[in-house]
Amino acid sequence: MSISLGELAVRFGCELRGNPDTPVDRIATLGNADERSISFLANPRYRQQLADTRAGAVILDAKSATVCPVPALVCSNPYATYARVSQLLNPSPVFPPGIHPTAIVAPTAHIDPSAHVGPLCVVGERVSVGPRAVLGPHCIIEDDVRVAADVRLVARVTLCHGVDIGPRCLFHPGVVIGGDGFGFAPDKGTYVKIPHIGSVRVAADVEIGANTTADRGALDDTVIEEGAKIDNLVMLGHAVRVGEHTVIAGCTGISGSTTIGKRCVIGGAVAVAGHITIADDVSITGFSMISHSITEPGVYSSGIPFEEARAWRKLVGHFKRIASYARRLKKLEEAQGLTRPDEEDDD
Amino acid sequence: MSISLGELAVRFGCELRGNPDTPVDRIATLGNADERSISFLANPRYRQQLADTRAGAVILDAKSATVCPVPALVCSNPYATYARVSQLLNPSPVFPPGIHPTAIVAPTAHIDPSAHVGPLCVVGERVSVGPRAVLGPHCIIEDDVRVAADVRLVARVTLCHGVDIGPRCLFHPGVVIGGDGFGFAPDKGTYVKIPHIGSVRVAADVEIGANTTADRGALDDTVIEEGAKIDNLVMLGHAVRVGEHTVIAGCTGISGSTTIGKRCVIGGAVAVAGHITIADDVSITGFSMISHSITEPGVYSSGIPFEEARAWRKLVGHFKRIASYARRLKKLEEAQGLTRPDEEDDD
Amino acid sequence: MSISLGELAVRFGCELRGNPDTPVDRIATLGNADERSISFLANPRYRQQLADTRAGAVILDAKSATVCPVPALVCSNPYATYARVSQLLNPSPVFPPGIHPTAIVAPTAHIDPSAHVGPLCVVGERVSVGPRAVLGPHCIIEDDVRVAADVRLVARVTLCHGVDIGPRCLFHPGVVIGGDGFGFAPDKGTYVKIPHIGSVRVAADVEIGANTTADRGALDDTVIEEGAKIDNLVMLGHAVRVGEHTVIAGCTGISGSTTIGKRCVIGGAVAVAGHITIADDVSITGFSMISHSITEPGVYSSGIPFEEARAWRKLVGHFKRIASYARRLKKLEEAQGLTRPDEEDDD
């Protein structure tokens, strides 16, 4: 599609510097843009690319606009404006309403006439699929699931019995919502399975990445609140709660019965223990081990950056000898007649 | 369903304190229970909730029973009894015997008449599916697979050619058993694929979580022994052996040719190296790196709990300078005329 | 199948010590081989098994051949020769050309007549499937995808719109290529979705393990170069580039916009940060945290091997007190009148 800079400025509340009739067709990086492209500058470290860009226009903030050699759409949050302009120029695919003849839909399921049920979907009893919802190919919707309006399940998504998916959620291929949680009672050397009779409730505007899984609770529900964004290959255990507008990056695991607050940012490959609570507005850097609750907003870490392997092995060797270093330090202090705080005494 | 306390006491070998005719319909937490609910107290830290519970009855041990204000089912392992009562009150769904008309079953497959083959399953040549086994929608069973009695594949499970699944196994959506292992022979800067002609054998009563994968061996079989429980998004490499009644939590990876003993408890996000052996009765805490064999039962760890990010960065800075601290310590000891054990000398 | 040692020697350029007419049927380990088996010795630590083997022949190098009690195929790279002999003795299954009647293929898709499209596949508009390509059961190929010659998608592989798969790629069940990347622009406490209009391009001879995901880029493509091998449950973020003949083991995550060089070997459960560059010929040991770029070939690490849990907790306690140890060291040096390099001063 093609749109004029003037229309973009009006629609997204930008100040336009340049000819409002200039048309743009597509979005591109500063380096790849041509005169029919609109580009953006959100990260100051790319500002030097501005001088050479051949973009038809650039979305940027007022400060950068002063050095922009081409037409500019000036706004306070260029990254968000870029996202919105890109959404406009790259609209989501449209899926025709109706049920594909190869889909298998239980007689008691209620599919809104405006919804799309793709090829080879299996939809169980008493399922409700809302207006304009899109079930891509090969989705499995077990009994008693509710899929709200404007949800899109891209393909091959499994929603187990009774789960509830709020409006405008977007789930990528391979997502599994509502498998049994991992709960067993030890008894005489074996395990007794604990039935998982809780469900999973996902609020509005949640996006979940490919092959991510969220288990159902044993007694309480697993809950993902409004606007949360969850990346690929993430595991949410039983009865986990993820707060609204919280972001969780790929390969992270959240153990059962843990509550993550609102507006948190959890990096990739983070391991969060079970039965703990993370406060609102907490950021956790990637590859951290979160072993106990976090009560204050802030940034938290535990990963140790790499070294060349030989150097690393020496560091590890020293680390493993750290108790003896502490003892030697104490001995030296005694020899020297120095005293030190009692709380450092234990080893 | 509804059941009387008296029947529960008889069935599960509990001592009943209260009216045997009292009916209960459902299981609930102490806090959520009403008079038609049965609850349980397995963890002493919830004991104070007992005073206020409105449960029709509580499953607990003899010690807690003395302070229980409502009818009690007294037993030595309340958590296991809770699990069994919950299984009774929440029976597994029943699937009608027979092959769904949309399933594609090879002519040489043998499906027991009491088994259920769900919609859109694909079942290969010479497959055997045992009595009462349930293949949920979209399962793919390649040639020469054996699925024993009472197995349940919830949905979308892939069993690659020749794998063998023992009785009463329960596999959740997205599980892949028997993909090729990750084995390549380096040759002149590229890799030659090693055929994986081993299989995967899964014994009885194994549960495997959503999107977990277990690869087949190059020459030997990958083996999961009886009663093992494996969580979501776990990776079992080629020719791994998991011992009976071992539990592996989510996001853990076990590299190829490693043997995990019996009755082990492996936490989440653990990384286990290849070609090693973990003894029976080993517990590994979450987020540990298991780089070599463990020969003795016990508990093992390697994760470092997080700190606030600035404090953490300082710790890491100190860690990276630890060799110089060791040198300075040595120098001080020399200046002081102190000697120290030789084995701490190397850096 | 059966083949003579003489034919194997000619075909794979080995020196034969023994009767060229001796037939072998199968490949086996030294311990399990019988006289109709061919075995191999690639790792010197198994050399003592040579004395007792009952194999019909053994593939090994010249040095080991001197102590081999049975016929030998002598070559410089026995492991690669084993792989090739095993490929010959265990040929890939053959799939009949043609489109299974239950597959749903869009009218504008072009399927080469020699290709196999399995049961219940869904193939979108303008898809191109090359000669001899095999789409196993339940594959989903969205619009505008290109699948080159001799590709094999084992089963249940999802290729999202527009992705491009080079010749001879092999993808295992559950692989998802081309899901949206994880990109959102923060705006007033919520997130605006960034459309992912880049694609994923996979070059020739790439193998990808079960349930691995590779996201599409926001603007640029995600690229996997020729001959790369990627294990199960790996996550490749948006606009990642994996260099040719690079190997990535299971459970590893590569964050968005990161470039991995050629001929790298990345261990399992490694976490690689976004927007960084790893040079060619880098090896990273398992469970490492790669937080910044690596500019030189070499081996890099950051995982700390485990200890028994009590000992580990003590080590962690010392680690958390390391700043105070450094201060005490400094104080001792001052008391002693020792000086030390300035660069170690900061804490």
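Think of it as A, B and C in the order they're written, each chain with its own count starting at 1.
Note that contacts are C-beta pairs under 8 Å (C-beta built on N, C-alpha and C of every residue); 3 or more make two chains touch, one makes a residue touch a chain.
Given the structure is predicted, the values throughout are model-derived calculations rather than measurements.
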| item | value |
| --- | --- |
| Grouping of chains that still touch (sans chain B) | one piece |
| Fraction-based call for chain C against chain A, same above half, different below | different |
| Chain A and chain C, separation of their C-alpha mean positions in angstrom | 25 |
| Residue list for chain B, restricted to those that touch at least two other chains | 120, 138, 156, 174, 211, 233, 251, 269, 304-305, 307, 319, 322, 325, 329, 332, 336 |
| Complex contacts: residues of chain A adjacent to chain B | 104, 120, 122, 138, 140, 142, 156, 158, 160-161, 174, 176, 179-180, 182, 184-187, 189-195, 197, 211, 213, 215, 219-220, 233, 235, 237, 251, 253, 255, 269, 271, 273, 283-285, 288-292, 298-302, 304-305, 307, 314-315, 317-319, 321-322, 324-325, 328-329, 331-332, 335-336 |
| Chain C - residues contacting chain B, complex | 27-29, 32, 42, 77, 79-80, 82-84, 86-87, 90, 93, 102, 118-120, 136-138, 154-156, 170, 172-174, 205, 207, 209-211, 227, 229, 231-233, 245, 247, 249-251, 263, 268-269, 286-287, 303-310, 312-313, 316, 319-320, 322-323, 325-326, 329, 332-333, 336, 338, 340-341, 344, 346-347 |
